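As written, the chains take the letters A, B, C and D, and residue 1 is the first residue of each chain.
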Amino acid sequence: MSFEPKIVGFLCNWCSYTGADLAGTSRIHYAPNVRVIRVMCSARIDPTFVIKALADGADGVLVCGCHPGDCHYSEGNYKTMRRMPLLKRMLADLGIEDERVRLEWVSASEGKRFADIVDDMTERLRELGPSPVKMVLAGDAGER
Amino acid sequence: MASDKLQIALYWGSACGGCDVAVLDTDAFILDVAAAADIRLWPIAVDGKYADIEAMEDGELDLAIYNGAVRNSENERIAKLLRAKSKLLVAFGSCAHLGGIPGLANLTSRDEILSTAYLHNPSLEKGSKTLPLPESGVNGTTLTIPSFYKRVYKLDDVVPVDYYVPGCPPAFDQVQAVLEAVVGGDLPAVGSVVGASDRALCDDCARVKSEKRIKHFYRPWQIMIDPDACLLEQGILCAGPVTRSGCGSRCPSSGIPCRGCYGPLDGVVDQGAKLLSAVTSVIDSTDPEEIDRIIDGLPDFAGFAYRFSMPSSLLQRSVGQ
Amino acid sequence: MPEPRTGVFICNCGTNIAKVVDCDAVAEAAMAMPGVVAARSYKYMCSNPGQEMIAQDIADHGLERVVVAACSPRMHEPTFRRAAETAGLNPYLVEMANIREQCSWVHDDSTAATEKAEDMVRAAVMRVARHEPLERLSVDMCPNTLVIGGGIAGLTAALELADAGKLVYLVERQPGLGGNVARVDLTAPYLDSARDMLTDRLTRVVEHRDIDVMVSSELTRLDGFVGNFKAAITVHHDGGSDEERQVDVGSVIVCTGYREFDASRATHLGYGKLPNVITSFEFERMLRLGRIETKEGRLPQYVSVIHCVGSRSEEFHGYCSRVCCMTALKYAHEVKSALPGSYVSDVYVDMHAFGKGCEDFYRRSAEVKTLFLMYGKGEHPVVRKADPSDDCGMLITVDELLSGETIELPADLIILMVGMEPREDAEAVTRLVNISQDKDGWFIESHPKLDPVATTTDGVYIAGACQSPKDIPDSVAQARAAAGRILGKISKGKLEIDAMFAEVDEDRCSGCRMCNEICPYTAIEFDAETRRSQVISALCKACGACVATCPSAAIKAKHFTDEQIFAEIAGVLG
Amino acid sequence: MAIRANPKLIEELEPYGAEDVMKCYHCGNCSAVCPFSADPYVFPRKPMRYLQMGLEEKLQDQLDPWLCYYCGECSDQCPRDAEPGETMMSLRRWLTARYDWTGISRLFYRSWRWELGAILLVAVLTAIAFTLFGLSQGSLASYDGPNAFLPSSSIHIFDWALAMVLLAFLLSNAARMWWFTMGRDKTLPTSVGSYVRSLWMLPAHFLTQARYGQCERKGPWLTHLALMLSYLTMLVLIMFFLADMAGGPGIDWRVHVFGYLATAGLVISTILFLRNRARKSAPQYRHSHESDWIFLVLILVVALTGILQHILHRSGLDVAANVTYVVHLSLVVPMLALEVPFSKWSHLAYRPLGIYLAKVRATALARSREGDEAAQRGAEPAAPLRAA
């Protein structure tokens, strides 16, 4: 059986989570690989959450917020816009491939877009293979 | 030999020796210690043998102070030995506490380290192929050396630790405080960090803080540093906000940004990630390109953010193959 | 500590969930999860029997936590929180797993969907274990209101509130009340007098015992939060002396209106260079004085009205200023009736006549033989002085769209329909009362359709042209709407504030001030004495930006704590 | 080069009937429904725009109004009641006045009193003249024969003289029309050939009014055609067979049958038109300019007096016949002398001429367009060659 990546998705309550709900009410099907965690605003997403998800065995992490300028809290998503690029650079230094962490803007009306993003990310991660984190840490535990 | 004196041992694992110097830094006080205690093991200062420790009853030692990280089998063996023989085991200094500077080696791999050091080091004689092996036969006899681990561990990765004394090195007054505490027997809850504050360095930092908006990051030598203003507000990356205070804010007060040697505060699970979150949040731009330009001013961020805490971070090491 | 006793309730939603997700399997799996003492699958959890089942189980199993796996929390979270509350469980000890919108409705592979549902339930179970009972805050509502701006909107709002017996502080920067409407003669499309409209209101406002009017005054500071604002106002007395006033108000209505576009910026129209090129407001003054004449004191034979000066152009403002078209038509009528022999032409880009009675007004203006000349968006008419040989003072060159000809139009008096602009100090106002501006500088409402007078700051409302170009009826409607919203709040006496807000642990805060800049609602105060930051809970909207930012983990997002989210992460990953 | 707009022009046009044109807001429905509106002659919208803006020169150059038969579709469709059809009609009146160098037609169109006054004056003068002439050389008692009161031979000469005068007026005005619409425009690449090639259109449209037939409503066309042909027949009879017409008392069927048909045609069609105008039965009858009434009434009375005179003569009541004859003539003369060159009737010349010139103009424009395109093609480098 082919490898099925597990993706943890952090979605802001007002745009992206509502968008994901819309995908549901519109019955737009997408890959079952994503596990959504709702936060009030993408600005609540501490980079620690992303790393924690990877450390706990996620193959990918998807971060979604309102489109720039449309934040329910007027500028929360700008914080996310500032945090993610440096986080991705740091994760690259820690050996995490770029595709594993993804930032997308999804509005409440973009159910289709959310579905497409999940499908696309799932496909890319299938090709990329499982996250190295678990294996490596397990390996360390085995033999120092 | 029986004695009513305090039985203590000090040991250095994968360390630079700075922590031992810090102990010596306690100056005349160390003589009081010597007077009050039998120092059974202290490789850097007194002549004690592992065998003597191995010969001890379990718990015969009152206090073992371990500095340095765990990089090889010997480090681990002695850590286990001291744990068994000592009532209290203290992780002393950043390396034992969090992995410290040696922990930065986790950003690369054992093979790379060995090949750099033993195969591609410019100071090697041409064509040298000698790699350190745990066992090697030299004219008939077998030599063994400790095995070099795949990565660096902090002390409590290999043995349970009673107390942590942070710092690279710990401030001498705190060394004193810890020793006095042990002598006096008034100890906090097991597992706690002693000789440090529960607030971030900024609490003790004398520099004036105001609202933060960062348009450009500078290395300290790039600008004339305002002696009174918060370094971060001047665009100098400072780990103060994510670092326990207790050092007396020595670096910032001398114009050098905090490097975070005292480690994260309770509740912060990943010092590097937290620093990243805090610092990027106050970048003063809403334009992706500009943001990219601004963070270009933070080269090797992982190296800075995890300077002392790589092995204690969530990922513990680089997972790149 | 032992995991709290948790009950898991899996809704089939008829077949909406059950046809894809094996609900019984999920319930069975749930039983194995930490702390779970009861797990059920039921047809309709949101139905009364469903809710009673939850209440019953809380009693029977002494549940300390409840997880409902059903539809989106955006749908039924309030329902299930109420259900728990009726059974004496704190509503915040309920967590939902969204296995319909985000599972059964979007997946067809039953096994994968069931597995996902289990992960979602596990996450909820582990999360809810770390929930804390929370209490909603209740704060007093101060019945006084501060109205900023004494234009038609401000006057209306003030009267509405004062007539209801509530005290109003009306602050006007100018020495006189009335705003821009006081500069207008008649109003379109019914040609009734603005003066009449205003005078009655003005006298009532000035005499009203519940309205404290402060002219030549400015708001200098606004602290506090909804229901409990403290406003500092500077009153400039004639003679140069200033008086500082402090007033307590529960709500603020911003009615700062607009300023007219500076016509001299549209250089091609010759405003400021040619004496007989005037702005609509200058023409209004003429009308109020009752004599339409050129600077030379002659009666104009050709009167030309140029529309969209500053509006709907690449060069200046992209938006439509909304009232100019009808005002221009009004001029056609007023000029024709004052000077029957004159020829009126309107040079316009588009004729916007969408208001009540406006299309009809447009037709009537055509019937009085107004010449309508259309030019393309992005192009502009050019005004020049005529030659002595001409029978007119000026000539307007315009590429006329409907004929495709470039023509020269004779004119003796040219009226420029200057558009509306946010006032020069609009940005200062936004900072004072903590609201935001759109790209054009107009104040932003909290929802463009459903909440047009509220703002992102609770207790601060906007009415009139400060929100966007607006005519009198719309400004009045907004003012009354805002007043209505406030009266509603006042009548409740107390304000309920959601328990979900951020809180600073003062024993951990190091005063690094990282968070101060972060809060979009300026809910974070830095106390210079203690060198600690605090969150004003009533201002906090619980976005959590500061929590993620705080380097000392000293700020806690109630109901979205790190521990709770870590648990959720661990949960979804099994 | 910018054209000067003249907001006052509309006022000048009002007496010609253009009262509602300012209501137009240029939705273009009128041009869309008009069966004749096609490039390069897009109307009624465009001429209406020129009129609103007072682009006098442009209007004077227009052939478009002559391409319109006022079927009324446009006025029906107009959402603003701007009466495009009526506007075109009034533009035709205005153009007629413009073409006429004497200024008489301007006078008539702007004041029906003048028109009526002029007609009465000419009528009276004619009556006096013919009475004196009759008495001077014959007896009132004899209608024909050697001492006929008004001998057909002399009337015949008079007719021809009159016809020549009218023709002179008409032709000179027609020439002006050509100058305004074609001659002045030097950029127009017309050629004698193109004039010759389309020449057939003149008689064709004059006789058939084929275009009118293309309108949706056929009724008006038939009535109009009937009126026109009857009038024409009568004209031919009078100009060439007057002797046989006047001869009697016997009926010479070879000519009289045409006479009867024509008279019937005239009477019926004018009555129909008058009724329609009175009832405002269709858009094109809704607005009647005084000149329309005068025109119809005049034809009708002329026809009736003609009939009466004919009957009286056949019944041997020569005195009565002669008196009627004088009355008849005193109506015919102003009709021909005033109406044909200076008023509504002139369109019998201008319309076919307009259609003809429009065709010539269109071909010329098309040619110049082809010319431009050809020039462009020439300018382009031979791409395929370079590729090869």
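As a working rule, a contact is a pair of C-beta atoms (placed from the backbone, for glycine too) under 8 Å apart; a residue touches a chain by one contact, two chains touch by 3 or more.
Everything numeric in this text was worked out from a predicted model, so none of it was measured.
**Student:** Moving only from a chain to one it touches, give the least number of moves from chain A to chain C.
**Tutor:** Minimum step count, chain A to chain C: 1.
**Student:** More C-beta contacts across A-B or across C-D?
**Tutor:** A-B
**Student:** In terms of CA centroid distance, which chain is the most far removed from chain B?
**Tutor:** Between chain B and every other chain, the largest centroid distance is to D.
**Student:** Round to the nearest whole Å and give the separation of the Cα centres of chain A and chain B.
**Tutor:** Result: the chain centres lie 33 Å from each other.
**Student:** Whole-Å distance, chain B centre to chain D centre, using C-alpha means?
**Tutor:** 111
**Student:** How big is the gap, in whole Å, between where the Cα atoms of chain A centre and where those of chain D centre?
**Tutor:** 83
**Student:** Just curious, how far off is chain D from chain C if you go by their C-alpha centres, in Å?
**Tutor:** Spacing between the chain centres: roughly 67 Å.
**Student:** Which chain B residues reach two or more other chains?
**Tutor:** 269, 274, 277, 281
**Student:** What residues in chain A touch two or more of the other chains?
**Tutor:** 43, 46, 48, 52, 75, 79, 83
**Student:** What are the touching chain pairs in this one?
**Tutor:** Every pair of chains in contact is listed here: A-B, A-C, B-C, C-D.
**Student:** Within the complex, which stretch of chain D touches chain C?
**Tutor:** 1-8, 10, 22-26, 46, 49-50, 52-53, 55, 58, 80
**Student:** Report the residues of chain A in contact with chain C in the complex, numbered from low to high.
**Tutor:** Result: residues 4, 6, 8, 13, 17-18, 20-21, 23-25, 27-30, 32, 35-41, 43-46, 48-49, 52-53, 56-58, 72-76, 79, 83, 115 of chain A touch chain C.
**Student:** What does chain C use to touch chain A in their complex?
**Tutor:** Within the complex, chain C touches chain A at residues 72-74, 98, 100-103, 105-109, 112-113, 115-116, 119-120, 123, 436, 456, 500, 518, 520-521, 541-545, 547-549, 557, 560, 562, 565-566, 568-570, 572-573.
**Student:** Could you pull out which chain C residues touch chain D in their complex?
**Tutor:** My answer: residues 302, 343, 345, 351, 363, 366-367, 369-373, 397, 400, 402-403, 405-410.
**Student:** For a test of understanding, state which residues of chain B touch chain A in their complex under the given definition.
**Tutor:** 73, 76, 107, 149-151, 153, 269-270, 272-274, 276-277, 280-281, 283, 285-286, 288, 291-292, 295, 298, 300-303, 305, 313-321
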